[in-house]
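Structures incoming, each one as structure tokens.
Presented sequentially are two complexes of chain A, the first with chain B as partner and the second with chain C.
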Partner chain A sequence: MLDSAMAALASLADPSLLLMLLIGTVAGLVMGLIPGLGGTGAVAILLPITFGMEPPQALALLIGALAVVHTSDTVSAVLLGAPGSASASVTMLDGYSMAKKGQAARALTLAFLSSMAGGIIGAIGLTLAIPLARPLVLSFASPELFMLTVLGVALAAVLSRGNIIKGVSAGLLGLVLGMVGTSPTTAEERFTFGSLFLGDGLSLVAVALGIFGLAEIASRASQRRGQKENISLGGGWGRGIREWLSHWTQVIRGALIGIWAGVLPGVGATAGTWLAYGQAVATAKDKRQFGKGDPRGIVGPESANNSVEAGDLIPTLLFGIPGGVPSAMLLGMLLTYGIQPGPSIITEHLDLMYLIVWSFAIASILGALFCFLSVKQLAKLTKVPFAVLAAGLVAIMLLGSFQEGGQLGDLWVMIILGVFGWLLKSTGFPRAPFLIGFVLAIPLERYYFLTDSLYNGLDWMARPGVLVFLAILILPIVWAFIKFLRARRHSNVDDGHRDERPEDDESQLKNSTWSLTAAGIFAAAFSAALISSASFSPEARLVPQLVSIGGLIFSGILLFTEIRTWLRTRTARVGWTLDAGFALKTFVWMTGFLALTAAFGYLVAVTIFIPAFLLVVARARLKTTVVYTLVLYVVLLALPSLLPIDLPQGWLNTLV
Partner chain B sequence: MTVLVAYSPAAEGREALTTGITEALLRKTDLLIVNVGRGHHDLDPAEMQELEAQLHTAGLTLMIESSVLSDPGDAVIQIAQDRNVDMIVVGLRHRSMVGKLILGSTVQRILLDATCPVLAVRADRL
Partner chain C sequence: MTSQKSALEPPGIIQETAPTEQPDPPQHSRRTVLAVVASFAALGVATTVLGGGLLNPPSSTEDGNFSGETLEFLIPLASGGGTDTWARFIGTELTNYVPGRPGFAPVNEPGGEGISGTNKFARSAKIDGTEILVGTASTVVPWVLGRSAVKYSFEDLKPLVVNGTGGVIYARTGAGVKNVNDLRNRDRPLEFGGISATGLDITTLVAFDLLEADVTSTFGFEGRGPVNLALQRGEIDLDYQTTSAYGSAVEGIAKEGKATVLMSFGQLNESGEVIRDPNFPDVPTVPEAYEQLHGKKPTGQKFEAYKTLLGLTYTYQKGLWVPKETPDKAVTLLRESSEKLGTDQDFQNKAAKVLGGYPLVADAGMADRVREAYTVSSSVRSYVKELLESKYDIHVE
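What follows is the complex of A and B.
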């Protein structure tokens, strides 16, 4: 074990790996600064670049980015009071208060150092988990692995914030979407409607970038004004270091909470940081300074949000169930390389596991170092209005999702899912279970049929491992049900600790015609899946039908409650809001861009779309627009010769 | 000089409020209400005006405050420390051992963590 760990470290001396790790770290830092991207966006954008690489290089790049996304997202939270990701909004409470007192440097020192420590402790946690889980993982056979995949989707659905019924519906729809394509058991095509393109299944990058990336851009593109106020870092570097050293217990506690939040599927960085903040407040005797600039309010959460990403990797690599959205994509990547997480990664690819651990730890240190060195430049970057960034991001995301299959169809899928993702986001559906379901659909079905063919009837249910997982599956549901009942009877006013973040302000279209539409879409999709699966052969039919029946039940409940609130709120119903209009307009822009690409090719489309979007939507100055377009054009022109990337060709190009 | 009432829209919360008002009038101190209920169940505006008038005739003021902290127990203690209150009034009810173990208890946390005297009242008195 120690041998493989040292061998993995030695392999990092390979210049190509080190270079990838460095690129990943820098890319992760930049993406951490852009609001709304976070770990999900970072992995989704970098994933297409890795398609031509060997697994170690690809992992170094992705892990490097993932490890530091939460290091730089603090910068804008502290300096501007506008968090770069949802999880950094915790740091904003105390960090921005410190900055307003002219102690931004103190807050940033605390945050960077804690992020670094959180990353390192997370990597240590991942290392320790390998020998601990090894005997357990090696004892798993297909029944346990099947239960684990079910557990992965179910826990993600139940533990995600918000309504459980919404979570389960989203998870089940993700499963249905994941089954589009060739059935793993009978090799027949399902839900393809005779299309050759759908026969390969939907591309993971397209789905992830649509549901998360484009949806995020659409809901934020209305921010066309950057921060005008001047940013001063102030002093307090030395004080920050001293305070960080004196709060070392908070750092460790925060990191441990983060690892735990990461291990649980569906509990991501956001919930983890709020847990850490709640813990820091609860254990402090003097609570006066919290929210007004208490160092403990920065140290714990910052340490937690970096270790979450390492914690996410524990169930992903050892059991094959992703702990969060970024790791779900990582899992998808490993599967395309033919590396099966779970028992086989431990026996055959232990070196890769340790490479991930080392990359994570080294990137955490590098990330903090870069942040210290370049904090002034980073601070300037945060002043760029989001609408200006959005133009380039749309171009990059569409290019990225083209790489997996090289088909324009993937891009259409991505935009459609983008609209759907925006609808989910604004009506309060958790999106993590959707993506986790999408990734786990095929493994779930494969393990089920392996189990079914190896065991007689329900014998496999009696295996001790399966029973334990069943218990883990049922307990949170019972728990949630009890909490629901108590909330109903209003007998929960005294119920203990509430660490969750305060009321969600992201889903503004809850309980409106919009959410009714969303529920309707869910019900319609499940019915369609049920009807079209009737024509499959019995073996290919079983799992899709079970999933769609379950989905119909849950979305039926959802539709019922939505209709009830819809009828009740007849007068004060949220209809067409300004933000919704803007988001949909942004999608129209994206569609226009894609249509241009389909007609004239990608490069031509970029030269038309970027200046138009910048001038009309972002209302940028002419000079900015010209420089922006030129730089992007040159970069895109040079990109195919630097990286294994293809630019989409248009219909006209095929004529010439 | 203030008495802090941890108010929640339940029987024990009402009891805490009643006792808090009595205490404030008795001690001739201001009254500070912190809402610990889930969601935004603030006091009824009419009731609040009445309460404000009642305190005003005695020369006292009514304040309502909230905290950025999401845990109600922590919020109450933070405000109490911040405002340097004389006393916190909480309403409690019977909770089983298991209930407290699994779900926790806000009142218990206030009792244990507070740095000032706490007056605990029950709604179901004899």
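What follows is the complex of A and C.
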């Protein structure tokens, strides 16, 4: 075994292989930087190039890209609050808060180092998992997968400290939204109103970029000036590395969770990364800083989202079951070379397996190194007035999210969810549970039904794996209860930081007409879901109904408290604030942009929207505006032939 | 006061950074804004109008030559799946064989499990042979079932080339299944793991109905891979896998004695009869299994339905199609190029795995055979609908 491993390493000394690995790494980094493209985009652009190459070269190219996409997708999440991919929205929570405090370089350093470590641990995991993968995968039957999704949804409560009711409501609404589309058990359409577009369900990229990215842009587009803090690494790289080293347990834990989530088919990168974050929060003694720039909130998930990709390769290679689109493409490529994935790949193509492992590890190091060296330059981006960046960001994010499904409808969904995300953000609802609910809705339902129909009664509850999950779920609640009782007995004992709720400066519209409206929307959405689910078949309606009833209870409580506060604060009520006005105006701009796209195509929409937004909203200088627009124009012209990118077509395009 | 400068697009390229602590820059005059926006808008519109004309010049595909053209493949599914890989591979190779070496542009148009993209093709595809539809089982089955969302008909399309696949039904030996005879007269029915009764699973369900096997079904799995794992875990007893997945999913566990291959779906031959699958020459086909169980050859409505579905979802499963208004010269040229491609030895070696061991079929008689296979009688349609309704409580809308 060691021989093959060393032989594979030696083969990487071949300049052509090394060159391919380098090209793949750079392509992966670039694709990661663009919100919405990610791994799928990276593999899609490289795949056609590999036709005609030898298998090792092709593998080095693709693995190089796959290994680093989640290294660079952090950049826009941390600096701009616009996650480069759905799983980068996790790093955004703490990374972006840190950047807003002027510590962008610190956040990026932590993230890149963790990505690198995650990649290396992932590669080691890949090697070790080769003999263990089969028993591991086979021991996870439907009941265990069901419990895993339950655990994920329960994270919603952990991630909404201080406002459990709001967090749970948001999580349940995410679940309802995730159920839009075809039901996993009966294949009937739910909440689609006869639309084929909705029949596929909402696009994860559109939801994540809308609820986090566009919401962020709207709330900050009023900033016409750059960040004034001088950005420094504060003690140089040495300090960054030392700080990162002090969190080494988080790095390893995150990476292990990532591998594990990648190995299990059906969990996925986004859910795996959230699990890593939830674990970091749940096991931390002092949770006050989470969401406000806690380094542990960056290190764990960042290490996880790179190791997920390595974990994902295990079922892809050993069972021929890809966990995501990028690995599905990789699988397709292997087949064209006559390499049959399956348990026998270890005996027949051991050299290629090790080549993959080495490529993954080397690319992780190279990718992190490139990013690490550019931290200082990247961090300067925060000095640019946000309003100026916002114009281009809107254009790029909409274009990125268009690539997945190629449907304009996704972009409308994105803007609607952007408005909703902004409302959640400003009225103090945590958005993380919403996204987790959305991601886990279908797996939760799928594995519930599979468990229910494949096992007799509640036999499955006695399976050892299920018992472990039950313990993980129940023990913290029991523990919290005991602590609560003890605290009541000795009321003066400081048991930690339970009462110190995070004072968020983000939610200025809490306890106002706005939050009342938000609560109203929740209640209305759950009622509508409950009513329309009555027409489904019994199997398809069970879970939506349970969720909407739960949602109605929680949003009912919410509505009640909101109305009470609303009545009490009759005089000093927060009404129409300047920020709210500005945010809503920004959404009107975005809507206009999309309407222009629908009418005249993307190119025309950009050439109108960008200069208008820059001059009117950002009040940028004339010269800046002209150069900015021209650059975007040229990029858009060149892009479709350089990358696998399609520009949305408008009504005008159909005429010519 | 207007020393405010900004960075251009790509992160990392910073021109100069702004001094801090400034009041908001002044507003621009309305005239400036209008002038700038209007001139850029004019630029954009001009590019769109002229560029559109320049990039897509009117094509000439009837001159026996596709030089300067681009073959656009509409793939109605997301990138990365089996159909996508197949289409991109075939497209890349095929364009080398078409006279004039046209360009190749695969376009993924996912949505509605393939229905949206195919609808769009039926509605607006060019009829000069440069726009080609990739057809696959997931767009064929809803058309057979007559779903209301389907706005296309394979009767309005012409095939250029088809490529089949095959598959086997296998069982878990731990469930007490040694051979086909164990499918009937059971104390406890066998559990079949499926994805959705209205997808590719339908052919297997019809086979079970034909055989009168003692089977109950659980749907909702994510894909065939997870079903295979569930079988290995003992959660389900029966599964099928297509030929391309056989090596990774079935062969190993069959060797270990954990699973046993019961039958193959077989293939339709040129006269529409079910014959043994060349990739599984030693495995009896579904009709052979019927004979073994019932002592006579299968006949009747159920068997007709099985043969129809076998043709649609296996033997002629994947194909390239053009609108039927496409001029014959262009169609013939593309078909003959595909035939050349399919018979080329180099290509066959390279393509063995992608094609799953089934040849590209594009001979002169292909179109008639495909036409035959894609003609679905109303009795087959109504039987399939009836089966779904009575046994699986699924009402196709």
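By our rule, the second predicted complex is superposed on the first by the 328 of 656 C-alpha atoms of A that agree within 3 Å, B and C clash if a C-alpha of one lies under 4 Å from a C-alpha of the other, contacts with A are read in each partner's own complex, and residues count from 1 in each chain.
Please note the rule applied: a residue touches a chain if its C-beta (ideal position, glycine included) is under 8 Å from a C-beta of that chain, and two chains touch if they have at least 3 such contacts.
None of these values were measured; they are calculated from a predicted model.
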item	value
Touching partner for A:392 - first (chain B), second (chain C), both, neither	second
Contacts of A:47 with chain B and chain C, given as first, second, both or neither	second
Chain B versus chain C as contact partner of A:184, first or second or both or neither	second
Contacts of A:137 with chain B and chain C, given as first, second, both or neither	second
Partner chain in contact with A:372 - chain B first, chain C second, else both or neither	neither
Partner chain(s) touched by A:291 [first = chain B, second = chain C, both, neither]	first
Which of chain B and chain C A:197 touches, first, second, both or neither	second
Comparison of chain B and chain C by chain A residues contacted	C
Which superposed partner A:278 touches (first chain B, second chain C, both, neither)	first
Footprint overlap on chain A, comparing chain B with chain C	none
Residues of chain C touching chain A in the complex	2, 4-9, 11-12, 14, 17-18, 20-22, 24-28, 32-33, 36-37, 40-41, 43-45, 47-49, 51-53, 78-82, 84-85, 88-89, 92, 107-113, 115-116, 119, 149, 191, 196-199, 218-223, 225-226, 228-230, 232-233, 235-236, 244-245, 247-249, 251-252, 350-354, 393-394
Sites on chain A touched by chain B in the complex	93, 274, 278, 281-282, 285-288, 290-291, 487, 490-502
Chain C-facing residues of chain A, complex	33, 40, 43-44, 47-48, 51, 75-76, 79, 137-138, 141-142, 182, 184-188, 196-197, 199-200, 224-226, 228, 265-266, 315, 319-322, 325-326, 328-329, 332-333, 335-344, 374, 377-378, 380-381, 383-385, 388-389, 392, 404-407, 446, 449-450, 453-454, 537, 600-601, 603-608, 610-612, 615-616, 619-622, 624-629, 631-633, 635, 637, 646, 652-653, 656
Residues of chain B defined as touching chain A within the complex	8-10, 12-13, 36-38, 67-74, 77-78, 81-82, 92-93, 95, 100, 103-107, 109, 113, 115
